[in-house]
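Below is one structure. I have some questions about it.
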Amino acid sequence: QQLTGTLKNIKETGAITLGFRDSSIPFSYLDDNQKPIGYAMDICYKIVDAVKKELKLDKLEVKLNPVTSSTRIPLLANGTIDLECGSTTNNVERQKQVAYTNTHFLTASRYVTKKSSKINSIDDLKGKPVVSTSGTTNIKQLTEANAARGLNVNIIPAKDHAEAFLMVETDRAVAFVMDDILLASLIAGSKAPGDYVISKDAFSKPEPYGIMLRKDDPAFKKVVDAATAAVYQGGEGQKIYDKWFTQKIPPKGLNLNVPIGPELKNEFAKPSDSPDPDSYK
Amino acid sequence: MIEIRHVDKWYGPGFQALKDCTTSVAKGEVVVVCGPSGSGKSTLIKCVNALEPFQGGEIILDGIRVNDPKTDLPKLRARVGMVFQHFELFPHLKIIENLCLAQEKVLGRSHDEAVAKAEKLLDRVGLKEHARKYPAELSGGQQQRVAIARALAMDPIAMLFDEPTSALDPEMISEVLDVMVDLAREGMTMMVVTHEMGFASKVAHRVIFMDRGEIVEDALKTDFFGSPRSDRAQKFLSKILSH
Amino acid sequence: MFASFDFDVIRRSFGYLFLDGMTFTLTLTGLSALGGIIFGTLIALMRLSGFKLLGRIAGIYVDFMRSLPLVLVIFWFYFLVPYVGQWVTGASRPISVGAFTSALVTFIMFEAAYFSEIMRAGIQSISKGQPAAANALGLTYAQTMRYVVLPQAFRNMLPVLLTQTIVLFQDTSLVYVLSMPDFLGAASKVAQRDGRLVEMYLFAAVVYFAISCIASFGVRRLQARISIVR
Amino acid sequence: MNYNWNWSIFFDPAPGGTGTYFDMLLSGLWLTIKTGIFAWIIALAFGSIIGVLRTLPSKTASWVGFAYVEFFRNMPLLVQLFLWFFVLPELLPRSWGLWLKQLPNAPFYTAAIGIGLFMSARVAVQLAAGIASLPRGQKQAATALGLTTSQAYRYVLLPIAFRIIMPPLTSEFLNTIKNTAVAITIGLIELTGQARSMQEFSFQVFEAFTAATVMYLLINIVVVTGMRFLERSLAIPGYIAGK
Amino acid sequence: MIEIRHVDKWYGPGFQALKDCTTSVAKGEVVVVCGPSGSGKSTLIKCVNALEPFQGGEIILDGIRVNDPKTDLPKLRARVGMVFQHFELFPHLKIIENLCLAQEKVLGRSHDEAVAKAEKLLDRVGLKEHARKYPAELSGGQQQRVAIARALAMDPIAMLFDEPTSALDPEMISEVLDVMVDLAREGMTMMVVTHEMGFASKVAHRVIFMDRGEIVEDALKTDFFGSPRSDRAQKFLSKILSH
């Protein structure tokens, strides 16, 4: 059978390129030796093994290429990277441009506040300054909720997560709306983790994260999907999950302490690349 | 009118530009200052209206001590007209505005008064029809005549000239010298740095010869041209008159 | 806020910040300045060449580059250079050039626009009589430029060139869009990963300030020395 | 390239229900223009004051000018904005800090002032160079007419110096507008910021950045044309700068 | 030696700087060109060694047509020495390097040969001990003498001078004129634009008077000073000789 697309390329060049993020803890980030590590990286290496096996290669070189939120799409499109290993939300709009393999994480949009500010529900945010990171699905949901519920909050866009969190830390905003897992890692890394609390209320249902690959490359997608499904279903997925979310992680030995939830457990049993949150019930 | 007494001036700590200079200019007198380049002629003349500060001695102008900290320098300077080698007209102002600016801002004359005065003076130097032009649109000789008119507009009690013709084309020198000769004949007190010995012998009462910051010779015109006493002055004269 | 300052984050990342980050920044600055001045001089010569078309092309290039934010230029070049490489070499797939080469090409092309304006001013500041005198001695156009005009223009403009290089030194931090480890990028990566923004940015401010001050002090010294020769 | 071009994306509704993606970019453009102009006014005002200080004979004045320029020029703009926005309020007394943080539109004002001060250092350097390039005689001529130092600057030196530095000022104006893109650091989502948001929502990266690029080109063409027009209408007939 | 035949020159389409100029300079002849400012003297002299292109007529230099496209201009120019009003020494090169540059790059002499030649010529103009200085360290008169030596180093068949003394202090003019007088006496072919009528009457064989791009008068020295035929020349002479 004739190889096409990405597989053909990998075979010809003997190399596969992974795109990584530099500070997306614990999915994909640099340790103190500037080596990219993380939950998504581990899964990607499993995929690489499967590709190597599929193509019957003795040696498959793995190249690593840093990406940012602005460069990940063009780099994927022009063939610089073959997989994006990070924490990219999988949704319908984005599926027009790229494909995702089976979901590796589910996270809902929540907010963090200082305990001292005594915010107990979304309605307590009324009229207050609330920050979120610009260009994320979270700020989109916040804007929509703001209009729908008449919250009248003052939405402040921030450049990145760390700066958004700093706005809460320095009292420029009372709350920071973001994926709850990212909030957990920001709190864990902060100077006084005890001062902060993540809300019970959510702005969204748990939404899927996926590893991105090029659209319209069914042969490659088939290999990648099979590889991830095997990892999740074979119990290896759970082991990797525990390594990054319930144990100490480099570089500072933080422990996020977020045990696996029922939705993700379900998904691991029945892997899916659906962008629809409802399908993960 | 102008008393210069034992003036010493240093540029920075190392270089003495004027050494114990003493001379005076009486009312209505025309004094020509000459000497080799770098001898301090410009410096001396700039000290007279305090454009350059000096460190020793004193200069008294119409009874006022120039180097007195209490002296209102802008007011004093307004009473002495000064004409520079490179004219220094203000290029962004029309000729008439060049003449009116200081009249209005310093003397506080009304605009109409200033314009009337300016037009009278422009007429006098033969440039009435150029009043609405910009300086760059005039020839060098014309620009220098405007500069003289600008100084005269302040009704000065004395005029200082620093090589007023040396940046001019040979043909235009005489236009400017003619205006200066007229001024001298009308009794204006004048101190003129120049190498135009023709002008000196025609209108100067006295000639001062400077060398290395010192006044080497200070003599009546006839004495100076007749028999300059110092070697240096003799050599200088012979060189500039040889061609 | 300062009571709880975490200097440990700086200590732990010191090697990364300086061995990787600062080395990268200084290399990129140095090579870009060199390339920018060479290309800038060529563009300036084009503009002053007296050939209308050549001058116009150079003029449009300069205006175009100067109208765009550097961040966008870096972005575009990163994605266009491989295709340009493919087109030039006639290869079957885009030439992957690597982020550093791409950034270097971008900075050289972008800074060349600025340096060319400086060199043009420098060349024009030399009195017309100088090239005339050189021509009258029988020197050709190239010799006149090489031995008479450019050495003087370069000397006259050295302070301005160095000032622009200091600006360039600060601007290299914009390669963060390509996620490259320049000094500021490295600092902000560590800062974001560890949630220590304030410490890192303050530290970066001090480092940039110190280096720029040393450089501009050097410029002043140099200016004083050169002005004796004139 | 495996990329799904979609130029009609601009007419799709943007998330947040405030209109299409095009409207989103337009609002960013408007913020860029507003911030740019505000910052430019500050840069000109402060730059002029500091530029003049640097040319005064007083040692203190030129030291203040020197320190100001070094301070604002030697840190990357990104870092400066960060410090003004996040660190400055913490250094102030608590109540002032709180007041600052609660100001509505704080990112806009911080960005405009921060960029303005950053650029003012460069304007100051340009202006000081412009003034220094005038013949020394211009200031002396103004002083000799009795104008005070501030009058000499106001009526003579600044009007000429600003005309001379018009071309580099145009560049600095362009730089000011371009530099607003850095203000994303403190949450000011101007044109580049909106293009970035648009690309994250829709994943149509190239369309978003193409639109931003074209918009920047358009503003800058308008600015350059406007400045050329200003330059021409202020040109002094016959006067060539630097002569 | 130099044949100028019906030369027309325009600057741009609108302005004719030379109108049908015809004259010639024989071997060993000294010709002085004078006339009011802007009359085209410099333009004429620059056309002779093709520093300015011209549109009509022809100039023949030592048998070679200057305006022939096939002529190797750098080589031709190297055979004619030219001295400018503002010396135009190369300020970044030492005196000796100023003299050697063209010898080595154009004539291809070895460095030692060039230095030997340069030192001989510096000695001749009395500046041997200044060989290792920079131009800015010399006085104007010394700089102009270096410029003459630099031109002589190329062993020119003729020398062109464009107002060589008009930028000099009065005292230094004679130093330079003395060198020129010597050159003339040794039989060098020379074309000299100058207003130094003393020099003209001492060494010139012929005097050319120009006005508005035309050669109005082309006469033997004695005829010119005796009775210039045109009104314009008469007026001009009277003005520049009057002071």
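Read from first to last, the chains carry the letters A, B, C, D and E; within each, the first residue is number 1.
Here is the rule we use: a residue touches a chain if its C-beta (ideal position, glycine included) is under 8 Å from a C-beta of that chain, and two chains touch if they have at least 3 such contacts.
Chain by chain, the UniProt names read as follows: B, E = Amino acid ABC transporter ATP-binding protein; C = Glutamate/aspartate import permease protein GltK; D = Amino acid ABC transporter permease.
Predicted model only: the values in this text are computed from it and were never measured.
**Q** Once the contact rule is applied, which chains count as partners of both chain A and chain E?
**A** Both-contact set = C.
**Q** So, comparing C-alpha centroids, which chain is the farthest one from chain B?
**A** So the farthest one, by centre of C-alpha atoms, is A.
**Q** With contacts counted as defined, which of the two, A-C or A-D, has more C-beta pairs across the interface?
**A** A-D
**Q** Taking the mean of the CA coordinates per chain, how far is chain A from chain D in Å?
**A** 38
**Q** CA centre of chain C versus CA centre of chain D: separation in Å?
**A** So the centre of chain C lies 20 Å away from the centre of chain D.
**Q** Using Cα averages as centroids, what's the distance between chain C and chain E in whole Å?
**A** 45
**Q** In chain E, what residues contact two or more other chains?
**A** none
**Q** Any chance you could list the residues of chain C touching two or more other chains?
**A** If we look for residues of chain C contacting two or more partner chains, we find 1, 75, 79, 197-198.
**Q** Touching at least two other chains at once: which residues of chain A meet that condition?
**A** In chain A, the residues touching two or more other chains are 70, 74, 78-79, 163, 166, 170.
**Q** Could you list each pair of chains that touch one another?
**A** Result for touching pairs of chains: A-C, A-D, B-D, B-E, C-D, C-E.
**Q** If you look only at chain E, which of its residues touch chain B in the complex?
**A** Residues of chain E touching chain B: 36-37, 139, 169-171, 173-174, 177, 195-196, 198-199, 236, 239-240, 242-243.
**Q** For a test of understanding, state which residues of chain D touch chain A in their complex under the given definition.
**A** Counting only chain D, the residues touching chain A are 1-4, 6, 15-18, 86, 89-90, 98, 101, 104, 106-107, 184-187, 189, 193, 196-197, 199-206.
**Q** Under the stated contact criterion, what part of chain C meets chain A in this complex?
**A** Touch residues, chain C against chain A: 1, 4, 6, 12-13, 16, 20, 75, 78-79, 82, 93-94, 96, 99, 176-181, 189, 191-195, 197-198.
**Q** Write out the stretch or stretches of chain D touching chain B in their complex.
**A** 135, 137-138, 140-148, 151, 155-156, 159-160, 163, 236-240
**Q** Going by the contact rule set out above, which residues of chain A touch chain D in the complex?
**A** So the residues of chain A touching chain D come out as 69-70, 73-74, 76-79, 93-94, 96-98, 131, 134-137, 140, 143-144, 147, 154, 156-159, 163, 166-167, 170-172, 214-217.
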